[in-house]
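Below is the structure I would like to discuss, written out as structure tokens.
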Amino acid sequence: MFLAPSLIGFAMFYLIPFAMGIYESFTDNAIGGTFVGLDNYKELLASGSFRKAASNMFLFTGISVPLLIALSLFLAILLNRPLFLRNWLRTAFILPLVVPVASIVMIWQIFFDWNGTLNAWLHHYGMARVDWLQSDGSMGVLVVMYIWKNIGYNMILFLAGLQTIPQDYYETARIEGAGRVRQLFHVTLVYLTPTMFFVLLISIINSFKVFRETYLLAGDYPYDRIYMMQHFMNNMFFSLDIQKLTAAATLMVGCIVIVVTGLLRVERRFREFME
Amino acid sequence: MKKITYAILSFTLVFGLVACSNSSNEGNGQQTPSNQTGSSGDIGTNSGVETGTAGTGGTKSPDLDAKATVVFSTFWPDDRFKEAKKKYEALHPNIEIKLQNVETDNSHLEAELEKYTTATNTAMLAGKGPDMLELDLLPTDSYVKHDLLADMGEMMDQDSTFKKEDYFSNILDGARVGKGLYAMPLSFFLMGFTGDEKAIANSGVKVNDKTWTWNDFAQTAKDLAKTDGNTAAFSYPANYMLSEMVKDNYPLFIDKANGKANFESASFSGLMQQVKGMVDDGVIVEGGRNSYFQSTQINSPWDYLVSLRENGENTKLFTKPHAQDTAEGGYFRSYRTIGLNANSKVKNQAWDFIKFMMSEEIETPPESAGIPINKNNFAKQIAELKKEGTVKAYVEGPLQGLEFKVDEAKLGELESFVQGAVHAVAYQSDKIGEIISEESQAYFSGQKSAEAVAKLIQNKVTTILNE
Amino acid sequence: MKKLNVLPMIALTIMLGAVAAAMLIPILLTFTNSLMTEQEIGRNYDLIGQMTDVAAGGKDAFVNLKILPDWLSLEQYTQLLIFSPKYLRMFWNSAAMVVPIIAGQTVIAALASYALAKLRFWGRDKLFMLYIMTMLMPFQVTLVPNYLVVDKLGLMNHEAAIILPGIFGAFGVFMLRQFMAHIPNAYTEAAKIDGAGQWTIFSRIIIPMVKPGLAALIVLLFVDYWNMIEQPLIFLQDSAKQPLSLYLAQIDKEARGIGFAASVLYMTPLVLLFLYAESYFIEGIQLSGIKG
Amino acid sequence: MKVESTQPMQDKKKRKIRLIAVLFIALLVICTLLGNTLQALTLPKVATIQSSKGALVHSYQGSATVRSEMERDLLNPMNWIVEKLPVQVGDKVEKGQTLVEYDDRSAVQQLADEQSALQKLELSMKQLEQQYIQAMQTEDEMAKSSASSAIELAKIDIATQKSHIQIGMGELEEHRRIVAPFAGIVTDVNAVVGLASSGEPDIRLANASAGFRIDLQIPADVAALMKEGEDLDVLLSGEKTRILAGKVASIEAGDGPPVDEDSDSMGGNQTAVATEKLTVSLQDKSLQGGERVKVQILKSNPEEEILLSNQVILEDNEGSYVFTLEERQGPLGNAYYAVRTPIKKSDSNGSMTAVSEGLFEEQQIIVVGDHAIMDGTRVRL
């Protein structure tokens, strides 16, 4: 009863398209295609650009997601303590979340363009200009953009998560003589596990969304350091190569599912521990 | 727990229902809430196709008496299509042509175009979409690759009322993708060079535009520039020149089979330096200054006369250099290219409408943009120009509305150019060319070094090749 | 409660303040630039994406980053609010889509997540996994199948094509399920012993306990759907029905003039909602009476 | 943590946010609802006309009196008093018919005087002859020759007197009446019975067989499009309304304001239009001359050009221009702007102007009226 309404709608709008999408990855044409097994996957893995996109994505996610989570958790814990101007600070960190893509792109352009502000500063100090989005440092630019935008998002989640930890756990821990650090690791982090699991996944999903900004900044064929899975998929979409696209997506989701399964197992253990 | 079982049951039910309706629902002429025609911003993804009969499958007997709606999607609004629609509907009261287009302005062109492409792609991939599309701005090749467009070459062959000899077969053949004709050009532009024949003759440099390649042309240009220091040989942006030169030596830089690009090489930096040298020596200039050759696009017989005249009295049209490994012959760019949705249920009606738009029924004054694909229409244009005897140039143009005599000999030359155009220039420039011209701009403007630019091009082209 | 040290607090505040200030620069820029005239914007930013010839002074050509306008002007705002009725219409379109989505998804997700978190049935975790997987799929993959589904349901070019999938989104289910997983089973077990039914447990115990989560969910859903681009692009061809996010997806060079003001107005509801909901997910739950 | 202590502050903050949200939404609602009104307050509403191609029509309407091509003024040469007036205006007369008879008593008296003078001369002649006979008899040579010359002199006198009388009688016969010199129609009678003539011709007689004509003062722009020999219909007004076929006989540069003319059509404000004199000849048997006729001339310029109402055309020291309406489309809807477009006038009449350069067909032209519109002003329709 609790699940039914959600399940019906979910099946209709998500599950079916999802299944159809995966099915497409085993066919050879969008309309009236025949089943070709793993051909699309073979072709995909043979594509150097796909491998590059995948490795870039792993690299990007590998760097930015842990960094983001660490930073936002740190901030959330700090901002959960008594602090001057606490509300103001909290608001300041969350605001980037609400800025629409259009003006973000404008602002990043102002900073990172060949004629942009960063280069103006470099020029002022007598250094050569850098074409930020076309250099090996471009990934760094992306990480900065990503963290800037999403730190508020995760902070909200962590703050909400922190609130659900009953105060008496801390008191119990304190009574048992646990120090600050021990409290952090044994109470906060443990009880944040479900939130953490959620934040991690959302951070990964949000890391795909950086694509929109990069796409608007650097076009469909950016410097290969920031040529992400999303670029590959987008280009596949525009050349109507849905099969490769879905195959790539399936592979990607498959990888994430492996991670998620691991996490779910951790979570289950946590639950058993709770009970 | 029972409730959960219910939930799962109902879930499977829904899944099954939708899945069934997916597979069985194709033929029964269903109608989705359709866009109102004329409302702003309609994008051509509507599938509101009504057919009165189901028997439109065979290509033999076009059932033109049945009531049908043909949805025709274009990006730009086009008066020519509106006119054709009116005329056709008057002739065939049973058939309604529904024109759809996007309303946009220049500042949002790119974004709107991307939206249009996304929406059309999705609809086409879903087996829906408009019955006819204007392909000028859409990825035709991809559509063809995925069998989304109907082969009009076949329809042409089977349609006894269609007289092939009335149309420029060189253009139709040039527009083919592989064997099939998927994109029907209703008209086309000629791409070529204009050059001052007399000045070139005076310079004593031999010009052979029939066979020249871009490499030959570069050599000719250098020779020409040597003879007169004040006149450049060619007015063309350097970055595009580079891109053309690369195309000329394609195998040198691009190994498609192995997905390798070879831009970080001495030959590419040599090429870049060569082009840059040409700029520095004043062999090629970017607009403005007078030069022996200009790149031009001939939109119509009238435009042919006027644009030649705009560049001087002794100007002649020259064939554009071709890439080294392609056959000789001129270039054209198709305009108002129409495709037919392979999944359309009103293919015959749509084909009939396309045929109508190609026919002599559509009036094409010599000034109208696009040289008509129909030979008779073209002949009419030439005859009309000859009859009028004079043409009046653009009032806003450099000739300020000058009226001058029609040179019949020149018009005769045009015919041979039209007959000789065999290579189609894609309406959208290809990605690799775009990257080369875009990135090399930084080199030609002096902002980046040749090595840096070569590295970027290498980097991006490799990505494309390996996709 | 521990005695608070004031000095480290000040140091920490200053440190965080500096970081926050740096993060706020882009927003500040958006705001102050929205008070510039169109000409001033054009002057400042016309060099973006240009490769000026070095011979023509390209070495010293830089975008003029300006925080304060030459003089304050409400030109952009009047342009938008008075002379572009369509802007406001798109704004209301957005609101008319986002509000039902949030209301619907919150309710439905709360129910579903309760089942996924606190009830036990066969395949529960696998089902949950499915929810997560669909969330991970990039939109391009499901675009075409989605198009078919919406078309079959006859919803093409109708707001419901956006709202219905929105209501059944997996995000809320996932998020609330995670928050409910926090709640020790002891609470529900205790209630069960007291003779409470599932419904009572859900409405009396679970919901109050995930209030911060609900507040966060509302804010995040608002952000997500306020910014959605792909779905309306495909399913709403009638530009009279399109939401504001489609307009703000990209500001082209020529339209920079009013882009900033458009962004500011666009952000305002989000900021207000966040400020309002903030207290809910930060004030915490005073449920310490029940032992864990 | 002191969550409780912050509670009132939180509430205050929430109230503030709620207030701001309400204000913000109210602002948007107001702008949505009143957008059109606000636009109306700030943007000038303009009417537009669409430019279209056509031939500029020059028109003239006027009336004139039909005159005979050949008309004779018959004067009273002797300034005699009119005795009888047998004809009236409009009478058809035959050749030789008496038109006026004059009182000739003074002339008759004068003639009688002359005749008696003649008799006197003849009597004195006899005397001289006797004198001559006497002289012959006396053979007075001297007397003889003087008498002979006196006789010669007298003879001359008599002859003179005789011819005098002859003439006088002829004149009397001639001037006693005016007879019609040709068959025609009396168009004017100035003579009044019992009075001498006032210096004007007593009778005006039109020759019916020579045809008729009218004279018109027409605006020069119309005249420029007419040529001699062209057909022109005129409308005979009065009881028997009918159309007469006319032919343009001559076009002469004239000056002075248009004479005898109702107005130039369609009531454009008329400012000293240059006129030319147009003569139209009419061949019609039934005409008598003196009829009022109406003339309407509609002449279209043979060249098709963009036509505009004069009211949309503005002038300044840089020349003529109009404001065209430019529609700029955007994703946020369309906006309209006034754009100054210089034009070249090629022709105009009282109300319309033909434009040879600067405009295309089907352009929207703003009727400026009393709005303060400048180049680039945003307007609404």
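As written, the chains take the letters A, B, C and D, and residue 1 is the first residue of each chain.
Here is the rule we go by: a contact is a pair of C-beta atoms (placed from the backbone, for glycine too) under 8 Å apart; a residue touches a chain by one contact, two chains touch by 3 or more.
Which chain is which protein? Per UniProt: A, C = Multiple sugar transport system permease protein; B = Multiple sugar transport system substrate-binding protein; D = RND family efflux transporter MFP subunit.
Everything numeric here is computed off the predicted structure, so don't read it as measured data.
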item	value
Winner on C-beta contact pairs when A-C is weighed against A-B	A-C
Reference chain D; chain at largest CA-centroid distance	A
Per-chain Cα centre nearest the global Cα centre, belonging to chain	B
Interchain centroid distance [CA atoms averaged], chain A/chain D, Å	91
Approximate Å spacing (C-alpha centroids) for the pair chain A, chain C	15
Approximate Å spacing (C-alpha centroids) for the pair chain B, chain C	41
Sites on chain D at which at least two other chains make contact	1, 13, 330-331
Sequence positions of chain B contacting 2 or more other chains	4, 8, 18, 22, 103, 107-108, 118, 125, 127, 442, 447
Multi-partner residues of chain A (at least 2 other chains)	1-3, 7-8, 12, 15-16, 20, 30, 82, 87, 114, 167, 236-237, 242
Footprint of chain A on chain C - complex, ascending	4, 9-10, 12-13, 16-17, 20-21, 23-24, 26-27, 29-30, 45, 47-52, 60-63, 65, 108-109, 111-112, 114-116, 119, 125, 128-138, 140-146, 148-149, 153, 164-165, 167-170, 173-175, 178-179, 181-185, 198, 202, 209-210, 212-213, 215-216, 219-220, 223, 227, 229, 245, 248-251, 256, 259-260, 262-263, 266-267, 270-271, 274-275, 278, 281-285, 287-288, 291-292
Residues of chain C touching chain D in the complex	1, 80-92, 239, 247, 255, 268-269, 272, 275-276, 279, 283-284, 286
Residue numbers on chain D that touch chain C, as the complex places them	1, 3, 6-7, 10, 13-14, 17-18, 20-21, 24, 27-28, 31-32, 35-36, 38-39, 42-43, 330-333, 335, 378
Touching residues on chain B, where the partner in the complex is chain C	1, 4, 8, 18, 21-22, 25, 32-36, 39-43, 45-47, 103, 106-111, 115, 118-119, 122-123, 125-128, 441-442, 445-447
Interface residues, chain A side, partner chain B - complex	1-4, 7-8, 11-12, 15-16, 20, 29-32, 47-50, 52, 114, 129, 131, 134, 221-224, 227, 232, 235-242
